[in-house]
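Following are the structures in question.
Each of the next two complexes has subunit A plus one other chain: subunit B in the first, subunit C in the second.
Up next is the complex of A and B:
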């Protein structure tokens, strides 16, 4: 540059560049509301009452499904079009702390709506420490100090002001999220097993003095979606009557990556259950042998259908039973896989810099 | 012929994906009670003898660091106690 200020440390990292619009402390924000993604559930049962031959009625709700995390919603006033950079002050730190990450950043009028997903429900709530380019911060935020350092770019716009608490990041790096959120068997018969059991991925950052003072910026980029399906059918004779029943279920969880401060030098990534669902279809017929042909024929032609199941279930009859598959449908973006697990940048700062 | 469920037990791959170096194999398993011999089955129906033809389909997700062989998939399913035969 022809003129201006460029400050570097011993490693050559740029600390202040008068041509760059530095981020400064915008404010500390508590959530305005908290929510969870509603469960997506449904099912139908027909003619199964009193059916002999072990027609199954168990677990037609959300039994055995893992608990969902919760979503904290913040409204951050930012005078400009650039989104705020929001650091999370977690509810706790350490190897038992819940994981949290930003899942939504969107403009809402003159404010920005930030949503933080936390893997477990807690009595305390995460707090956001937000930063914005200096051009989007009111001058009234400046301290009354009559000394300090202020830089301007070649257009004369202020780009750094030491009186408005510039963002300081003493640590940072890149973290990879686990692949699958649940490894191993997905379930057994009507008992689903989709809880997060992946090992946390850990990465280190420059050692700090107090883990409980640390705040972090790390948006949730990775997600995983896993499903479990189980179907059973039976037919034959029971107490002199012919019977037939068929039940088909699909359970799924959609997981989002989230993070925690594990120690004064360790940052961890894992998943939380962001959304979940369960659908089933259960039909049966039982008739004395002399009436059975009609009902049995109808059941053989039984199709999973209707708006709810459109796309979720394919046609099922006895002749196609072995080819049954459950499509991702309208609810699952994909199944039994994961996306965006690598290259998630993070920054560490300290709440005490700004409190 | 008696019109009841009759399927072939075993497993089949329903989805295979290579994701960031990991092979994600989704397998549908099928287990069933053995068929009766046809003449015996006919007689059981004629006599309205209690009997069943149970069929179960499950889903397993397997992870490998390489493209697995059939034997390797079978080995994991065995470890997860998959049994194609439902005993009466």
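Up next is the complex of A and C:
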């Protein structure tokens, strides 16, 4: 550089370069509201009442489905086109702590809406510590304080101001999320098994003194979607009547990646259940044995075919189910796969720098 | 500390020092949905970190691929993994 200020540490890392913008503390924010994605469920049952034999009526709701996480909604007052850098102060740390990550960053007028997804419901809530360039922070943030160091770039714009608590980030790196959220069997008969059981992926950062003081920036990028399908049918005679039934079900979970501070030097990634759903179709018929030709022609067309599942997918995708708030989505964009798992950058800082 | 830089506020609290580690903003680059883009003129520092953010993404009913990237010299190459399901991605490049 021909002019200006350049400060480096012993490792040669740049601390202040007056030509480049530094992030500064914008404020600490608690959530304005909390929500969950409503369950997306539906099914049709036809003529199953009083059917003889073994027509299955169990688990037509959300039995055995894993619990959903919560979504905390924040409104961060910062004007400008660049989203704020929001660090999460988690509700707890350690190997049993819930995972949390930013799942939505959206400009809303002169505010930015940030949504944090936490994998489990807790009595405490995550708190955001947000940062922005000086150009997006009100000058009044430094009013009255005449001590400190301020730098300007060659255009005369302020780039660093020690009065507005510059970002200090003692840790950082990249983390990869697991692939599938649930490994192994997805269920058995009418019992579903879609809970998150993937092993957490861990990465280390420079050891700090107190895990409970740490905050992290790591937007959620990865997601996974898994489904379990089951269908069964039977027919025969029962108490002198001819009967037939068929049932087809789809259960699914949509997972978002989220993170936790596992220790003073370990950062972990895994998933939480962001949304879930269940659809089924169950039809049956029973007639005196001498009438069976009247009904079986129609019912047999429903038995044993992928067309039933295709029909359920159409139901899931129909507009009827796209107005469920948080997301106007049906959450089954693909199945038994995952997206965006690699190269998720993160930074670690300390709440005590800014409290 | 016996040498280096230490900045304090009027109350004597340290706000920044040369024992700190931090990240300086080098640039913010946006790649539009379903489009691969090369961003040039990215400043160079000894160590750089690229974060990606899915801006405006709320709906979960699409595949929501984010762009992949590589950073070499002053060029940030961003690639849309899917021609129809890659969302707008904001890249924030930090340096130290």
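Methods note: the second predicted complex is superposed on the first by the 322 of 355 C-alpha atoms of A that agree within 3 Å, B and C clash if a C-alpha of one lies under 4 Å from a C-alpha of the other, contacts with A are read in each partner's own complex, and residues count from 1 in each chain.
We take it that a contact is a pair of C-beta atoms (placed from the backbone, for glycine too) under 8 Å apart; a residue touches a chain by one contact, two chains touch by 3 or more.
Predicted model only: the values in this text are computed from it and were never measured.
Of the two partner chains placed by the overlay, only subunit C lies in contact with A:7; subunit B stays clear of it.
In the superposed model, A:213 makes contact with neither subunit B nor subunit C.
Contacts of A:226 after superposition: subunit B is touched, whereas subunit C is not reached.
In the superposed model, A:236 makes contact with subunit B only, not with subunit C. Look at A:180: by the touch rule set out above, it reaches subunit B but stays clear of subunit C.
Once the two complexes are overlaid on the shared chain, A:39 sits clear of subunit B and of subunit C alike.
Under the contact criterion defined above, the residues of subunit A that touch both subunit B in one complex and subunit C in the other are 322.
By the touch rule above, subunit C contacts subunit A in their complex via residues 4-5, 7-10, 15-16, 18-26, 28, 43, 45-47, 49-66, 68-69, 85, 90, 92, 95-96. Those residues of subunit B that touch subunit A in the shared complex are 3-8, 14-15, 17, 19-20, 22, 24, 26, 28, 30, 44-45, 48-61, 63, 80.
Interface residues of subunit A facing subunit C in the complex, by the touch rule stated above, are 7-9, 12-17, 20-23, 37, 81-83, 85, 104-107, 115, 133, 145-149, 162-163, 165-172, 206, 217, 219, 221, 223, 254, 274-275, 317, 322, 326-334, 339-340, 343-345, 347. Taken in their complex, subunit A has these residues touching subunit B: 53-54, 179-180, 183-189, 226-240, 244, 289, 296-297, 300, 318, 321-322, 324-325, 335-338, 341-342.
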